[in-house]
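Got a structure for you, questions after.
Chain lettering (A, B, C, D and E) follows the sequence in which the chains are written, and residue indices restart at 1 in each chain.
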Amino acid sequence: MDLDLWTEKYRPPTLSGIIGQESIIESLTRFVETKAVPHCLFTGPPGTSKTTAAMAMAKDLFGDTYERNFMELNASDERGIDVVRNQIKNFARTMPSGDAPFKILVLDEADHLTSDAQHALRRTMESYAQSCRMVLICNYSSRIIPPIQSRCAIFRFSRLDEKGISKRLKYIAKQEQITLESSGVDAILYLTEGDMRAAINLLQAASSTGEAITDKIVYAISGSASPETIKTMLTDAREQRHLESLQSLRKLIYNEGVSPVDLVKQIHKEIQALDFSHSQQMSVLEHIAEIEFRIGEGANGEIQLAALLAHIGIGSDASE
Amino acid sequence: MDLDLWTEKYRPPTLSGIIGQESIIESLTRFVETKAVPHCLFTGPPGTSKTTAAMAMAKDLFGDTYERNFMELNASDERGIDVVRNQIKNFARTMPSGDAPFKILVLDEADHLTSDAQHALRRTMESYAQSCRMVLICNYSSRIIPPIQSRCAIFRFSRLDEKGISKRLKYIAKQEQITLESSGVDAILYLTEGDMRAAINLLQAASSTGEAITDKIVYAISGSASPETIKTMLTDAREQRHLESLQSLRKLIYNEGVSPVDLVKQIHKEIQALDFSHSQQMSVLEHIAEIEFRIGEGANGEIQLAALLAHIGIGSDASE
Amino acid sequence: MDLDLWTEKYRPPTLSGIIGQESIIESLTRFVETKAVPHCLFTGPPGTSKTTAAMAMAKDLFGDTYERNFMELNASDERGIDVVRNQIKNFARTMPSGDAPFKILVLDEADHLTSDAQHALRRTMESYAQSCRMVLICNYSSRIIPPIQSRCAIFRFSRLDEKGISKRLKYIAKQEQITLESSGVDAILYLTEGDMRAAINLLQAASSTGEAITDKIVYAISGSASPETIKTMLTDAREQRHLESLQSLRKLIYNEGVSPVDLVKQIHKEIQALDFSHSQQMSVLEHIAEIEFRIGEGANGEIQLAALLAHIGIGSDASE
Amino acid sequence: MDLDLWTEKYRPPTLSGIIGQESIIESLTRFVETKAVPHCLFTGPPGTSKTTAAMAMAKDLFGDTYERNFMELNASDERGIDVVRNQIKNFARTMPSGDAPFKILVLDEADHLTSDAQHALRRTMESYAQSCRMVLICNYSSRIIPPIQSRCAIFRFSRLDEKGISKRLKYIAKQEQITLESSGVDAILYLTEGDMRAAINLLQAASSTGEAITDKIVYAISGSASPETIKTMLTDAREQRHLESLQSLRKLIYNEGVSPVDLVKQIHKEIQALDFSHSQQMSVLEHIAEIEFRIGEGANGEIQLAALLAHIGIGSDASE
Amino acid sequence: MLVNSNNLPWPEKHRPRSLDLIVGNPERIQNLKAWILSWKTRIPEKRAVLLIGPPGTGKTASIGALANDLDMEIVEFNSSDKRNKDSIETLVWRAASQQTLDGRPRIILLDEVDGLSGTSDRGGIGAIIKVIKSSVHPIMMTANDPDSPRLKDLFKICQVYNFEPIDSERMSEVLTRIAKLNKAEVSQDIIDQIIDNCAGDLRAAISDLEAYVKRGTKPESVDSAIRDMRRGTEDTLRRLFMTTDPKLARKLLSESELDHDSLILWLEENIHLHFLTPDELDKGLDSLSLADLSLGRIMRNQNWKLLAYMYDFLAVGVAGGRTDTPYRKVSYSRPTWPLLVFQGNKSREKRTDVLSSLSRLTGVSKRRAVRTHLDTITEIVGISPSKTKDYADWLGVDKASLKKRGKN
């Protein structure tokens, strides 16, 4: 059996294989050519090839000595000052292997380091700048302390466009010899919103059914509701067919295994496409936000969503 | 790449070089002249030259023996009672070097010390008052225990005005031979709100792009939205172009990488500049606070902000 | 600079010197006369002379052997069961010195002991009742486990009235030869609300400026806003001079260094003195509580307080 | 001073001494007489003598061999399957000591056993019925799996009625030779709500004053407000005598030393006696719950409670 | 000590020793007997039977009586024994594969197979299946819950017999007989009440009879619990929805045997039967949602003081919420949302093992590994369970931890 996760298997090994982010790739390629890499800060939403780019740059740069000159660490599991002090320092202070001009250390989720740890990191970056360059990866650059920002070349990765992802999915499908219907591609794109890793993960999960991949399969697999089901549920609620709407809700959560949090997000997405009156839509959006907050406080999703459906039923006049 | 921190490089070495805070500087200068420094408490918002003033006073006072007679500690690194018991005591009890009348110890973020540690500190201040004077630095003096307050001369630093900061930024730009457009200056001032340190840090980060520094670069580097984008989003929301406003929101979060927390703060700032009706503005301000709280508690930024935009759309008539 | 703490320097050494709490002092005096002291529980708000009373009783009782027969412990320093097991037991089990009939142990902040530690304490109280009497001090007696309550004579200290505190402040000012204006006394009373210790501490801090003590000095020293500033800000908000009121807010936070938490408390106090309509006052009180909670949870002070001002501006008609 | 805990001193050693639960005690007595005890399930609210009844039954049954034939386990300590397969089984399968017909195992908080552990228990109950009878104790029988319920005689303990507790209190007062006024009894009953142990503890604490026990003494000792004070405060609030109601609040907190947490609880109790309309009641409840939550999270008691009183004053029209 | 069966609990004392004394499910018992007898000639195609039915319907009793009648030896393994892979492969295997010393025929009784513990009896079902396939003795198993995921694989290789609740007439016969044997006089009315309370659970009925007889005085009615949780719950709901007085509602809730989790679920499932207008429904569900929020906060911070409010929201919101629709009699349905899933959602799932090993293997943080990898893997194994083992081995974790939540 194939145990590889396709996200790993199809991770482009070189900068040239990366989809999207053209101008960034261009800069990084120039770094490789001149063998001059500054400290970097890669920032952007999940699944926009930040880690892939960092690894590809290192591979292009180091060739055979890649294994010895490259390290990836994740900052979020063992936050705090110690992980920086020890692991990073140990890697950073030894000389690069072979003819590599320096080593590269990738620190994933760097924005989860405490401020203290970031200050310690800054000192390490300075002390070992000769032998080691850092690539810090994060979702929001504003959570990185300014003294680090000002030491880094900042690259902002944005969401990938659908065309790029779609092409990649088809390529993988071909390699893996699976049938990927165009409705399947669309469903994957709809659900993953420019997150390449999520898209590939979903494709792999769907492929494990052994059937041709259609939208139906994708929605079933993803633990997401199909937009149609959500629409029906909302329309039922609006037209005061409470029982039906409730049944849809239960089916979604219990039978299809959609998590309430995901449902909230999807309702949020779908509500805007329905022909609700403007004020009704707004009032629902506000309620959704309240519910999302309550679920975060520990409330149970189904009951909160049931209350939302009931609220939709009372119509736009009686907005909160 | 320049590895010096500009905030250090351009820190005024003497009291006379400090921008703003005139009356405080005057008092401190008198202390230096009379060689009579009491324990001091410097309080005020971040980036208002509190640490700079303390260091400059010590330099003016000690001249050559500065290194040996001055120590700076940050209380938030190793909070608690032990840092006080050991480091501070060790420094405080030894005699001043050279002909210095006493030593100076600066304790940054003193309001992060636990109450117990502050009580221990108080005793140290008493015991070694002969050989060592303390300068405690904090954001809010009300978090310092009264027995310490009553032993200190209290100086209240306020936010710097834009003119002073702007002048300083231009001076640095000139020294560093970088092109700083006036739109860039404005953007830096807008984002840093009287925080000199933040302003200089942002300038340095922006300079690392190697291009002339415009507002665009500043917003991109800082992971912030430009005021115009925010305004457009809010106006769209108000005029019930709901779809457009939501698209702006997503673009900001997912393409430009602005964190939802920062977005809330920027919306808070911009809403007051828009020509919304009074009651509408008020109602939006209330909602912003709600959402700021929720996001801080871990709620989903996109959903919460969408609700805010929705609320703006409902208009002032249907305020909650 | 005066290095003594005035709260210690002017602590009444005998029961007869204590201000207020007449009936309690009478009982304690009788205990001293009859040399029969039960275990005691002193409960009441901070700064109501609980510790002073305990120490004075012990001094009156023991005279010269006070030092050897009296111990004070603070339970919040080293909460938990160990402090009871070791320190208390060691003190309690040895015989009283000189001709003292028993020793006295004062346990401050006893309500911070865990329930386990309290149970251990109960056993110690029983075992060594012959040689040692306990005085437990706490803010709320309901946090002391019933088995301990039932072993103690309970004394409930209430807030001191302004006249008593004012008299004491003036007495100290005279002793210390400082000028204390009546506006200064009022400001101290306003800020400390019947807490004698806080009042004396604030007097001492204010005196360190070397100037005559006026209300201005008191507010500046304590990092508080003057009631007038708060009133003006609130009135501006109510009369929809929104911009002015927000400016006052920012000035208080960023120039005068008043912490948002303190601001909320002051607003809570002042709002009741303004001639707002009844329903408006009520609605504002509700909002204050909301905001107090949020700021405590880490929300942004400026944004939250701006929302409060906005709410006041919306007026009572559109109450939430 | 009396150093015994009255709850221990007056714990009924035999079934005949137990107050209330008459029909259950009657059954248990018959079990003892016939020396035939089925497996039992005792269910009911906390503090209704469930454990006491189980122990008394075992004492009556075993007499001298009680120690060897009785075991009590608390399932909340170890709730997994291992405790059943090891500890319980080992005790159950060995023969009873002396002439006891069987052993008795009491499993306290049996509803805390995991479902796996409960499953493991059911066959043990049958296999070793010869040598050991089980008494399972829980708050809700619905948490006990049906196969176990099917193996037990179920006894439902109800809240003790005031008459029983009152009688017991008077009995103890007489034994202890203290004067217990009927107003004192009422106050104890009001505060302890059918919890016998709490009632006796409170009686003992009140007795330590050495005075006749009246309601005043009981409320003062327990750090509680009298129901009348609370009612007056709430009525004032509702009838918009805002000033009076806030004054009562402050008096309670600062003079009578009632902790805000206890106040919330008492308000919650009293609010139900006021004749609010349905929607008003709901809205007040919502607020009380929120405030209790916030105070638990560390918010300021006075500010939060003032908001609650304000909310009551606003009335149902402006309910959120 | 003398074995004195007189003080045994009655369900044990009167445990039927012979098939003649068994009541209910006659055809199934005949079939069972026939199956056992067929072993005398040759080993039948299915070497095991599985008796499924609610408590107190005579499953284990039938097996005991059968063995007694046919003079067979019973070797029993029940849930009080450790039943993981190892102990089944050694102990049960030995019993199932070896002939008895005295040549007496033997029955292997695996009681309560749905009670196999997920953690402590890991691998038990697989081992049982292996033993069944080559057993030289008949294997008889019992279980309560036909939906238990643990039984799924057993269905294929067992003859399954579903035991029904005992009907009132048969119960009545048994109770009358037992009363007589114990020289107790019990009126038919009381017997009927006991039977009514026990919903076909004969053992519970015998327990209740014992408790009634032993209490000495003979009250007019049985004050023991309503055994049938469902009936008790419906009763609570009915009275709760009938009243509009919050005080009464509060009392009803506090006396209910349902814990707070179940209460919320039952109310959520049935509220729409009484709250017919959109407005009532909105308000009612809003109260439920507040109650649920309180419960969530309780779980998050263990602040049990908030529990009182949860009951208040239910009492005031439900009892007072019915303002327009008149009360009507309806039949309630059981929550479709199972309690365990509900509680599982509350207590954050412990998937730390899986996540840390994923995080180690992939370099993604534990926090993010759920989205980036784990969801995909659980989907894959959900669809092709055959891959579960491979992934579990790869991650070095137990297979069960890769199961998707909410589905079974």
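Quick note on the criterion: contacts are C-beta pairs under 8 Å (C-beta built on N, C-alpha and C of every residue); 3 or more make two chains touch, one makes a residue touch a chain.
Because the structure is a prediction, the values reported are computed rather than measured.
Participant: What chains, if any, are shared contacts of chain B and chain C?
Facilitator: none
Participant: Would you identify the chain whose Cα-based centre sits farthest away from the centre of chain E?
Facilitator: Computed centres place B farthest from chain E.
Participant: Same or different: at the chain C/chain D interface, is the fraction of residue numbers used by both copies above or below half?
Facilitator: different
Participant: For chain D and chain E, let me know how many angstrom lie between their CA-based centres, rounded off.
Facilitator: Computed value for the inter-centroid distance: 30 Å.
Participant: Quick one: report the Å distance separating chain B from chain D, using the average Cα coordinate of each chain.
Facilitator: Chain centroid spacing, chain B to chain D, equals 53 Å.
Participant: Go ahead and note the Å separation of the Cα centroids belonging to chain C and chain E.
Facilitator: 57
Participant: Rounded to the nearest whole Å, what is the centre-to-centre distance of chain C and chain D, using the mean of the C-alpha atoms as each centre?
Facilitator: Those two chain centres are 35 Å apart.
Participant: Quick check on chain A: which residues sit in contact with 2+ other chains?
Facilitator: Within chain A, the residues that touch at least two other chains are 297.
Participant: Out of chain E, which residues touch more than one other chain, so two or more?
Facilitator: 297
Participant: Indicate which of the five shapes (line, ring, star, complete, other) describes how the chains touch one another.
Facilitator: Contact pattern: a closed ring, each chain touching exactly two others.
Participant: Can I get the ring sequence of chains, opening with chain A and turning toward chain E?
Facilitator: In ring order, starting at chain A and going to chain E first, we get A, E, D, C, B.
Participant: Applying the document's contact rule, which stretches of chain C touch chain B when the two form their complex?
Facilitator: 1, 3, 5-7, 77, 198, 201-202, 204-205, 207-209, 220-224, 240, 242-243, 246, 253-259, 261-262, 291, 294, 297-300, 302-304, 306-311, 313-314, 318, 320
Participant: Any idea which chain A residues touch chain B in the complex?
Facilitator: For chain A paired with chain B, touching residues are 38-39, 43-45, 116, 126, 129, 139-143, 146-147, 149-154, 156-159, 193-194, 264-265, 268, 272, 278-279, 281-283, 285-286, 288-290, 292-293, 296-297, 319-320.
Participant: With touch defined as at the start, can you tell me which chain E residues reach chain A in the complex?
Facilitator: 264, 268, 272, 278-279, 281-282, 284-286, 288-289, 292-293, 295-297, 299-300, 336-337, 341-342, 345-346, 359, 362-368, 371-373, 375-376, 379-380, 383-384, 387, 390-391, 394, 404-407
Participant: Name, in rising order, each residue of chain E that touches chain D in their complex.
Facilitator: Those residues of chain E that touch chain D are 1, 3-4, 6-12, 54-56, 78-82, 111-112, 114-115, 117-120, 144, 201, 203-204, 207-208, 210-211, 214-217, 219, 223-225, 227, 229, 246-247, 250, 254, 257-259, 262, 287, 290, 294, 297, 301, 303, 305-306, 308-309, 312-313, 316-317, 320-321, 323, 340.
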